[in-house]
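Scroll down for the structure; my scribbles are underneath it.
Here the chain labels run A, B, C and D in written order, and each chain numbers its own residues starting at 1.
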Amino acid sequence: MLIRLGYDISFETATDVTMVALLNVHPSRTSDLREPDIMRIEPNVQMDQYRDSFDNICSRFVAPAGTIRLFNSTLVQDTGQPDAQNPEARQIPVNDLPTDTLRYLLASRYCEVDLLSSVVYEVFGNVPAGWQRVQAICTWVHDKVTFGYPFARSTRTALDVYTERMGVCRDFQHLAITFCRCLNIPARYASGYLGDIGVPAAPCPMDFSAWFEAYLEDRWWTFDARHNVPRQGRVLMAVGRDAADVAITTSFGSAKLTNFTVISDEVNGSQAVEAF
Amino acid sequence: MLIRLGYDISFETATDVTMVALLNVHPSRTSDLREPDIMRIEPNVQMDQYRDSFDNICSRFVAPAGTIRLFNSTLVQDTGQPDAQNPEARQIPVNDLPTDTLRYLLASRYCEVDLLSSVVYEVFGNVPAGWQRVQAICTWVHDKVTFGYPFARSTRTALDVYTERMGVCRDFQHLAITFCRCLNIPARYASGYLGDIGVPAAPCPMDFSAWFEAYLEDRWWTFDARHNVPRQGRVLMAVGRDAADVAITTSFGSAKLTNFTVISDEVNGSQAVEAF
Amino acid sequence: MLIRLGYDISFETATDVTMVALLNVHPSRTSDLREPDIMRIEPNVQMDQYRDSFDNICSRFVAPAGTIRLFNSTLVQDTGQPDAQNPEARQIPVNDLPTDTLRYLLASRYCEVDLLSSVVYEVFGNVPAGWQRVQAICTWVHDKVTFGYPFARSTRTALDVYTERMGVCRDFQHLAITFCRCLNIPARYASGYLGDIGVPAAPCPMDFSAWFEAYLEDRWWTFDARHNVPRQGRVLMAVGRDAADVAITTSFGSAKLTNFTVISDEVNGSQAVEAF
Amino acid sequence: MLIRLGYDISFETATDVTMVALLNVHPSRTSDLREPDIMRIEPNVQMDQYRDSFDNICSRFVAPAGTIRLFNSTLVQDTGQPDAQNPEARQIPVNDLPTDTLRYLLASRYCEVDLLSSVVYEVFGNVPAGWQRVQAICTWVHDKVTFGYPFARSTRTALDVYTERMGVCRDFQHLAITFCRCLNIPARYASGYLGDIGVPAAPCPMDFSAWFEAYLEDRWWTFDARHNVPRQGRVLMAVGRDAADVAITTSFGSAKLTNFTVISDEVNGSQAVEAF
């Protein structure tokens, strides 16, 4: 399956503002790209690209006072398979975890592991360890939290989600991630494209999406406490400890979002190559 | 100057508990070591050592049910100079910062950059950028927050320090770090040894200490909002975004601290070499 | 001036739900009523009316499963004068305050006096006591906080307003009230009707409004940190320590608001009496 | 049984500071007093006494710069019976509750009813309503929260207790009160004397104590989530929505506590009358 990916985002700023964008497809998917994946900027300011400590591709540039537009279109090959499932995947004792997974056990800005540890044992203490436990967490969060765009709030933490029981994508994942970490399961936040491929009726305008990954058995597995069903066509952009690490754009100064369009559509062969 | 460093720490656990300890001298000081720096464990369990994403030396092991003792003694060469001062050091625009400093601008568990950004401009908006601004932050925090061991609380965030105006070492640094980041100055948490060298009357029992580093001009500089005077004899152990990253020990299970001794003393030549 | 007041509010409930409504004009305005002020309920369930500890008129009833409608229309005589101003009004020492004002110095659900006391002295310490200080608080809150209906959130406290700098009517008042109390000025939350009388362009759909009262010299004075200009035509419904005390309706069970209309219009003589 | 009650409390202040003390025995116990209950102040400043909205006896005075001492000794008759138990006491539907109990269903400074409502149904939803449910709440809080004087913190709310699982008397009661209110059971905070009468080994230095009252069937009943066993010899001083309402002393300015002694001892006849 080929998926057409793209975004078109504009900001207005009153002064020069440095920005960092995490808008590239993640290096783990580079080999699937069928067109270049190069963020274009109008006006054509200089951009410097680097990898952060999570190996995400980051683009830094100065938005000059006025309007800046970030846009791109690319094409990615996808298996078309839904998220892999492995109910047999075991929880790995902390002592045997790969050392680079250990950072995903710690508390972070939106994931107060320390504050929810007592709670988590009361709620999930009786669920068998491993895949089942992560799945139980996703189902709990999915069932107990109400989704709604008006509930979006950039300061909401996992504890806030636990008490308020409302939120958007990221909030669902933050609570599930925190519960996993409390139970010594490495969990990390993921952002990327998630189209409505295979979904009968897509209820929402297209946006970037958030999900999370949990480390079980011998690898990271995709989970999604918001949708809580395997989905096709996820294309990863960035991973991190929580949304603070992988904001689509971070502005080091005041910037007003004035346009935001994302596309992620399955294409058939004849439409696959778009002129740049 | 030679400094004798050491610690002797015990825990009791009811079951096997995996622990990660950040008790080694930081790699940046390895060349100053005059004796080996090897954590000893009783009982003599297997330990595996690795570097985390901040390049800190981490030791992972399983504490068997019962008592576990972590201890060591080593010797380090130190210049004996107080913390370097450079009032001319300039603040670097975000666009020109080394990319590996950018992670220290983001919010973290104990440093809610998003929540204190408005406040910080009201308080420090008129202070000239660069060294002076970081120094003004340290002086403000030092003057406004009351130190007291009974105030220790592992869940206290920078915002809590700002409202409660009390705390221990780490709390002072968390607030100062957050203020720096709000002003686009990279700031990171540091833990290590800080003896009473050069201090007429040491008021406190010896403990590990926390300070912070701010990136100005072309390097990281040591600041300490708790003491707010240049000090001699700091020996760095670990850096991170905040105390969640560099806990001296992290226990993945219940563990009760039963002994905690730290030493950090200047030695004269004849005492310098201690038999292992 | 005669003001036509009215509301039409509907809820849907899945089961019988007890509700308390504070929808009457406050007893202090009873003598100004030119028509009866009796809440009507459809279906016509039994209602019991009482005064709470703030002397507000409260109506308690059971909403049967299904739809319930609360509505009324009444007419009130008003001086048409804008909120009284008295820049000479002095702050009264706590020891000389009437004892029934003292409860309005304490912390309450949305007004964490304890958490903002240090802050308030830093911000308002140099402003002369009395009317000027309350006015300075209103201007600060008005200027620093951004109004927006999408920012509405029932759990937001004064500290949240201070850090997030956004909110609706109630949030502005909660922060201003808390600042006043921190400075030992009794301040209480007020809810009522506030039409657009005398306002050239009314930007908002009509709603009930929130303002606050501060005790200075020898009485309570109306302040409004949201609008921060004297307004005509306020008609008080309820006072309390904060919005938790004077919710328009409190449901002791799940109830979904399905309609909410409020009117508050100046009428000329010929229109003044509306047939019931 | 006769109980000798007394306290001796000193503060130091740098300036004149107005204070309000709630140090009298509650009016509901006035008829049990066998000696006068008059707070004495050194120096002998003027004091004015009033009832607050909860009918507590409050004393207001100005502490002159320097040291102020509040002290008293009185004698009270007590039945010697442990706290009344009534496992048959029913929960009263909100619509049938006496109207003066309704204020004890609302959120207050330390009792965030709104934030814990979802949680409470998950934890106690299956426990039968009435006495059993309040008892289940007390047992849960008693078992899950660890008592310790070093954990005392004046800003800790019920939600904090729920996440931190540690605290002193007041914290236990705040969490239990909040749980009750979430379940539509009126609950109020109580402070008073609680000696070690009938307790084999009293673990703590004597202090004032906090407990709470829940309204069931036709009256207020004493519960104590801290001790969770019926106790003898409670002597009520004040009730309120939470500790913010019934602080032993509230200082409207800076005051340093320098002495704090409380006594509450059973006396036999010959010792009963103490010379004033």
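Here is the rule we go by: a residue touches a chain if its C-beta (ideal position, glycine included) is under 8 Å from a C-beta of that chain, and two chains touch if they have at least 3 such contacts.
These figures come from a predicted structure and were not determined experimentally.
Chemist: List every chain that touches both chain A and chain B.
Modeler: Common contact partners of chain A and chain B, which must touch each of the two, are C, D.
Chemist: Over half shared or under half: which fits the residue numbers at the contact of copies chain A and chain D, same or different?
Modeler: Result for this pair: same.
Chemist: Would you mind checking which chain's C-alpha centre is most distant from the centre of chain B?
Modeler: C
Chemist: Can you check how far apart chain B and chain D are, centre to centre, with Cα atoms defining each centre and the answer in Å?
Modeler: About 41 Å separates the centre of chain B from that of chain D.
Chemist: Quick one: chain A and chain D, Cα centre-to-centre, how many Å?
Modeler: About 48 Å, centre to centre.
Chemist: Roughly how far is chain C from chain D, going centre to centre by Cα mean, in whole Å?
Modeler: 31
Chemist: For chain D, give me the residues that contact two or more of the other chains.
Modeler: 112, 115, 155, 163-164
Chemist: Using the touch definition up top, name the residues of chain C that touch chain B in the complex.
Modeler: Interface residues on chain C, with respect to chain B: 112, 115-116, 118-119, 122-123, 144, 159, 162-165.
Chemist: Per the contact definition, I'd like the list of chain A residues that touch chain B in the complex.
Modeler: Residues 18, 20, 48, 50, 52-53, 58, 60-62, 93-95, 99-100, 102-103, 105-109, 111-112, 114-115, 154-155, 184, 244-245, 250, 252 of chain A touch chain B in their complex.
Chemist: Spell out the residues on chain B that touch chain D in their complex, using ranges where they run on.
Modeler: 150, 153, 155, 163-164
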